[in-house]
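Reviewing the structure listed below.
Letters are used for the chains, namely A, B and C, taken in the order the chains are written, and counting of residues starts over at 1 for each.
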Amino acid sequence: MRRTVLALSIAMLAAFAGAAHAADKAVVFAAASLTNALQDIAAAYEKKTGVHIVNSFASSSTLARQIENGAPAGIFVSADTQWMDYVDKRGLIDSASRRNVIGNALVLIAPASSPLGPRAIDAHLDWMKLLGGGRLALGDPDHVPAGIYAKQALQHLGAWDSLQSHLAPAEDVRAALVYVDRGEAPLGIVYLTDARQDPGVKIVGVIPEDSHPPIVYPFALVKGASSAARAYFAFLTGKTALAVFARYSFTAK
Amino acid sequence: MSAEISLHHEFSGFVLDAQFRMDGGVTALFGPSGSGKTSTINAIAGLLNPQNGRIVIDGRAVLDTQAGISIPAHARRIGTVFQDARLFPHMSVENNLRFGWRRAENPASEDEFAHIVELLGLEHLLPRKPAKLSGGEKSRVALGRALLSSPGLLLLDEPLAALDAPRKSEILPFLERLRDEARVPMLYVSHSLDEVTRLADSVVVMREGRVAASGPVFDLMSDLEFARASGVESYGAVLDAKVRSHRDDGLSVLSFPGGELIVGRIAKEPGARLRVRIRAEDIMLALEEPKAISANNVIPATIAAIRESGGHADVQLAAGNAKLVARITSASLKRLALAPGMKLFAIVKSVTVDRNTQGE
Amino acid sequence: MMLTPAELEALLLSLRVSVVAIACALPFALAAAVWLSHARFPGKTLVEGAFTLPLVLPPVVMGYLLLLAFGTRGPLGAWLLAHLGLRFAFDWKGAALASAIITFPFQFRAIRLALEAMDSGLAEAAETLGARALDRFANLTLPLALPGIVAGAITAFAASLGEFGAIITFVSNIPGETRTLPLAIFNALQTPGGNVEAARLSALSIILALIGVALAAIAQRRVTRLIGR
């Protein structure tokens, strides 16, 4: 009996060890707002090299905590510097590989059927009148990067105090987008890249760039990343990938 | 009270086709298991809708498939006592009793309520829940509950079947009291000849879904056809008797339509009515009157009919206004050369009197 | 352990949302169970399956479906808003609706089982004693199904206290309005340095659960004794 258990254990260990060294796969943990762009880039890479790319999309905060708890990611792309700093400080990434590759902008959106037209977003904007009793949908300003940027912008514009109790804090940016798309919320603040992809919403204003810290997406290799991950990292930050990002309205940095 | 029942229903593998009348008192629906008794009860109660049928009670049609009449069960004013009591477990005995009482068109008065409670010996059980009752107690509560719904007809579907012998003899007197005092006509289903002979005024015999025989109990039990139709092994005359007197030597004298009977001491006053049975195998026949014989009862009788089967002969005797049945061997039949019309003597070896009415 | 205002707010909201959810779902679960225990029609199994579906669907999917159906533009949501003034989006009532639907199968199945276990002979006896259908339901079926109803409600209540995915997707995470205990814990976990807060809220949830279990045991015993078993 003991010999059977021993043999089984060795076999299982060998199988897992083998899997860990599978040179044909790279795991990417990335912020949800990069979903479409990264899927296209991964498809292009797979077609070119045959290496299998696994993308895991979630909020940056969730991904950072997963990496902290030993999740097997090779590459981490965060939606803001805060969560990249978080894993950097804990020595979880290859600091030398960290770089800001792309940027984004925040926009004010409304349902496609809304009567609201485009306008300037400045300190004079009457937010309460625009909302008309409804709520402003955005990523949760407590922890979702897009929400954090939005809060900083609104604070800069002097509108945060009055808007604070009229928010619909969503689990992530995509959920905020859905709220506006469904007409549940009359207004929302999401990334330009998200707004461009949803025909159910229209952009009614651009949040001024100087009202919040620059929106950058830091990319980094996780410590102990496989050679496949390293190879893919180079592709991710290269010309072909940048063209894909541009197609989705991400800015180059 | 009078009722006409006519039912036809085809189940898978069984056809119910029964017609009979009821004329007040207790009508026993007698037959072996599977003969259609419960289906008949269910149809009368309204729990079964027969394909064809007509049920008229006191001129009121409760069911008439041809005329499209079918009064729902809750409006038929027919009470049913089920084999398994079916008391409501979440209600006290008192609330069980009052369930039908509260919903009756002409509910009994509080006095009548108390009377029935006393009649069935339920006073001390009123606050209890059914789970804390014995089988016999449950049966009595079920009886009371159905009675208190003021029914025009009471159906009892083998109410004693789930009880053991001591419980049965405990409850039978209650049923006899009900029959004598409650004045509600009853249709009493049973496969027990004992219960039938004690309680019934008339009997309807069912066999394989059909009515095989019917008639007043005193006639039917000594009818030779009944024995064949009901398939019972041990049967005999049921007599309507009255206590005449008590003798000093510990015996009592009963009078019955065919004369007198001497039996062991009966714990009843002279004038009291009771039923006795004389089993067919307890009667011997003699062509001459025996003089020095130990039997106390020798009754002169005339042979009314004879039926032979399988080595035995059942001889129906007319004694005064009563009918008796004797069972003898075919050999004896031949030896004595018995034939209808002959006068002879019936020697009664033993008279079956219900235990409860005997003396100590 | 003194509670901060935010914690108290989350606790009270959790209780209010769950109590309303279970109470509102109960009559529907009862009606559905009674209907299916009597009805016979082709496709009955499918209907039973549909009533059990919320147990099987991922809660986030459920939340999204609720948004589609009960959002202000959804077919049911629009009608309810127009005729009854009921709004679910970004409102505690939406959280209650999500909890009610997700935990509906618990109540439905418990009541269904209790009804199936009931002796049909009792209903026949009641009918012969003059009780019509509604009378039998109120005086016989309902009291005897009570243990099942109570068991189902308690299970549903406990499950509702923990509901997260459907609520956050349908009505977002608004303090005081939709931030129930699970959503508050999630929030604390997502904020750097919020581990202590998350632990406090988790402890609160566990205490709540233990109280719930104790109350459930007492209620079960009482009801069983009431119906004489």
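To be clear about the criterion, a residue touches a chain if its C-beta (ideal position, glycine included) is under 8 Å from a C-beta of that chain, and two chains touch if they have at least 3 such contacts.
For clarity, every value in this text was computed on a predicted model and none was experimentally measured.
Centrality by C-alpha centroid: the chain sitting nearest the overall protein C-alpha mean is C. Distance from the centre of chain A peaks at B, each centre being the average of the chain's Cα atoms. In terms of their C-alpha centroids, the spacing between chain B and chain C amounts to 57 Å. Centroids of chain A and chain C (each the mean of its C-alpha atoms) stand 35 Å apart.
Rounded to whole angstrom, the centroid-to-centroid distance between chain A and chain B, based on C-alpha atoms, equals 89 Å.
Under the contact definition stated at the top, not a single residue of chain A touches 2 or more other chains. Chain C contributes residues 119, 121-122, 124-132, 135, 139-140, 143-144, 226-229 to its touches with chain B in the complex. Looking at the complex, you find that chain C touches chain A at residues 64, 67-68, 71-74, 89-90, 168-169, 172-174, 187, 189-192. By the touch rule above, chain A contacts chain C in their complex via residues 59, 61-62, 65, 82, 86, 135, 137, 140, 142-143, 167-171, 175, 178-179, 182-185. Of all residues in chain B, those touching chain C in their complex are 45-47, 72-80, 82, 84, 86, 88-91, 99-100, 103-104, 129-131, 145-146, 149.
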